[in-house]
Amino acid sequence: MAHKGGVALIIGVGDGLSASLARLLAKEGYTLALASRRVEKLDRLAKETKAKIHRCDASDPAQVAALFKGVGDHEVMIYNPSYRIRGPFIELDPTEVKKSLEITAFGAFLAGQQAARNMLPRGRGTIMFTGASAGVKGYAQSAPFAMGKFALRGLAQSMARELHPRGIHVAHIVVDGGIRSSQRPDGGNDNMLNPDSIARSYLHLLHQPRDSWSWEIEVRPWVETF
Amino acid sequence: MAHKGGVALIIGVGDGLSASLARLLAKEGYTLALASRRVEKLDRLAKETKAKIHRCDASDPAQVAALFKGVGDHEVMIYNPSYRIRGPFIELDPTEVKKSLEITAFGAFLAGQQAARNMLPRGRGTIMFTGASAGVKGYAQSAPFAMGKFALRGLAQSMARELHPRGIHVAHIVVDGGIRSSQRPDGGNDNMLNPDSIARSYLHLLHQPRDSWSWEIEVRPWVETF
Amino acid sequence: MAHKGGVALIIGVGDGLSASLARLLAKEGYTLALASRRVEKLDRLAKETKAKIHRCDASDPAQVAALFKGVGDHEVMIYNPSYRIRGPFIELDPTEVKKSLEITAFGAFLAGQQAARNMLPRGRGTIMFTGASAGVKGYAQSAPFAMGKFALRGLAQSMARELHPRGIHVAHIVVDGGIRSSQRPDGGNDNMLNPDSIARSYLHLLHQPRDSWSWEIEVRPWVETF
Amino acid sequence: MAHKGGVALIIGVGDGLSASLARLLAKEGYTLALASRRVEKLDRLAKETKAKIHRCDASDPAQVAALFKGVGDHEVMIYNPSYRIRGPFIELDPTEVKKSLEITAFGAFLAGQQAARNMLPRGRGTIMFTGASAGVKGYAQSAPFAMGKFALRGLAQSMARELHPRGIHVAHIVVDGGIRSSQRPDGGNDNMLNPDSIARSYLHLLHQPRDSWSWEIEVRPWVETF
């Protein structure tokens, strides 16, 4: 269980889920730090959540190290970035596939390691990784995303096994379905995932005391087949 | 998401997790109905939670039908009972193995079906099944419990696939570890699962809006290997 | 690895997969024992495979005990029976659901236990259970089959964990798809599972030396989505 | 099912499993092509299996493309390479973690894509990936290997879903345990995986007709806990 009032660092922030997470954690009393490759778009959210903004390419070791140095002690770290390409398997561009692995999985390692280094001396903290259906099921025409999200899940599980007994809560959230976008106002349509609702499951994990931790939870809209 | 203030029926109530669930749901404003094979021990809990008590053998179709008739409309149904025998595989008593399947899995079907019949016309409600590590991993010297809890998980998953699109939330909670007992006061030891903490994960699932439902969550203490 | 030339007992024999298994094992030199609730239909297969036929209701403890007494020492035991009912969850007949659990899972326990008792003193033997997609995925409108086949998988996994280190190979075969029927001659159509091909995977498991055992394998036709 | 007599390309060849695979496939009539980063050590095996040797860094797109150009049409492609580092999570070297992903998973993508391009026009062929326990379970102190092998499994599953219906068999073999080494003659000790036995499971998959394909199989020694 993270200590409220501490810093929550969210990496990979745009609109959608990451914005919902920022708003909910701000409301719960956390001090927000938001990191993104493109920070220009974050002004409004930063103002709304009183967040500090950091520019960072999450797949670059030096930039990630600098980010965490800039953020300092934190109670929560959430890693969102992914890079998804689709298409017939034989037509995939290897450069893009490599990039998919680096952003979706290698960057998660970099951030997870920095967060663990910061949290271990205090023996507490919560690290959460945003997964996808693709992390538990490899779909056709989507090998790169499957590779990245499977690797992310392996990372999260390995970290959980190692860090739980040392007081750090590591969790993997399987977002199984399309997320409703603020760009598409749809009059109360709840057939797609609501980012505000997903964020509440992150918050639940964050507030679990260590005598009852989940390492994984999946969320999907009621109409979704799985 | 269940409507607060409605009836929450908990089947298989003793102390431990079921008592924590009763207390938490009462505090959240639900009207409690508690069912158990042995109701004598429930006086104190019933008083504390203003619950109505029902005697019921959960593996008996007629008794389960009578129970639901007596309870009437309800927003929440939680099924806890299980029957566990252990021992060298070749020495297991077939009668006991059958009983394990009937209490752990067949009774869950009976209760799940009655709950679904009651909830479907209103198009809402939450059905939760208490699972165990044994439902995802078959341990040596524990075949009957594995059979029962695997079957329970298959039931829950099948029900979720069928009933989610009709507005009924079905969830399976994997309790992965030993639960701390009120009989063993242990001075703040958090190395075992705390039933009050587990109950909060049930409550989280119960309050998930249908635009972001989980069908499964596992909980374990921080020190537990998995 | 079973000793060739020994007895192979197949429980739940009709046409389809069980007949293919009988033919292949006979060809490989095993002495066949075939058990079924209805033995009338087995004359031709018994003649072809030089098998001894046993009448047995696989979910009845006394009949199963008598069957194994009649068969005596054996190297291989394969359990096929299942009982499948489908339909809207709220309309399922509890009596049928119980029967589904008893034939699909409880009978497998009975047979597995008898086989283990026979094999353990020699420290060798192979026990195989015929599973289904329904054992790893709970489909809508199919809760009873999911319960039975999930339970079967839990049984097989628990037995494998306990009996592998004692020299008994326990395996679970996930038959994921419809099996081509000899009743429907279809001119070389290989879009459905071929029972002769599935039987070869059973044989592969049977011939694995104990320094490289599989506890599970799934088979499906090339066109099947999974 | 691959056509016997065709070319079988094995990438990542040393001693152990890859050598057993080479010997078995040669004996079965395949024409062997062996690729390795260090080809010096392969002289004896190449002679024994009448194999053609190719030098190739499996994580380099240009070298992999050149390798497949050199090999030409082939019926079988097996990808073995992995790079494993272990240690406390916070001490892992990011450069090594990246290398682990590139050799274990990205190289598998490169080889898988080249193989698929070659096989698709003929509508047949078999692609096999050597996985590990780490691909289904993320162990403590082993995040990089978990990331690589999980990613490999996601790749294999995605490829299977896409390529099975086009006639290409894609399979993932979970090698769950330590492999006995020829360097350590141990007088018939069968407590560790025997590479010759594992190779027989690869051969079984290779010979499965497309009316009964497995996409995954795991193998472990009888005494191994799982």
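Every chain is named by a letter (A, B, C and D) in the order it is written, and numbering of its residues begins at 1.
Assume a residue touches a chain if its C-beta (ideal position, glycine included) is under 8 Å from a C-beta of that chain, and two chains touch if they have at least 3 such contacts.
For clarity, every value in this text was computed on a predicted model and none was experimentally measured.
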Chain located farthest away, centre of chain D as origin (C-alpha): B
Quick one: compare the interface residues of chain A with those of chain B and tell me same or different, with half as the dividing line. same
For the sequence-identical pair chain B and chain C, determine the rotation angle of the Cα superposition and round it to the nearest 5 degrees. 180
In angstrom, rounded to a whole number, how far apart do the mean CA points of chain A and chain B lie? 31
CA centre of chain B versus CA centre of chain D: separation in Å? 44
Chain B touches at least 2 other chains through residues 160-161
Among line, ring, star, complete and other, the chain contact graph is ring
Would you pull the chain C residues touching chain D in the complex into a rising list? 161, 164-165, 167, 169, 180, 190-194, 197-198, 200-201, 204, 207-226
Which positions of chain B touch chain C when the two form their complex? 61, 88-90, 92, 94-95, 97-98, 101-102, 105-106, 109-110, 112-113, 116-117, 120, 134-135, 137-144, 146-163
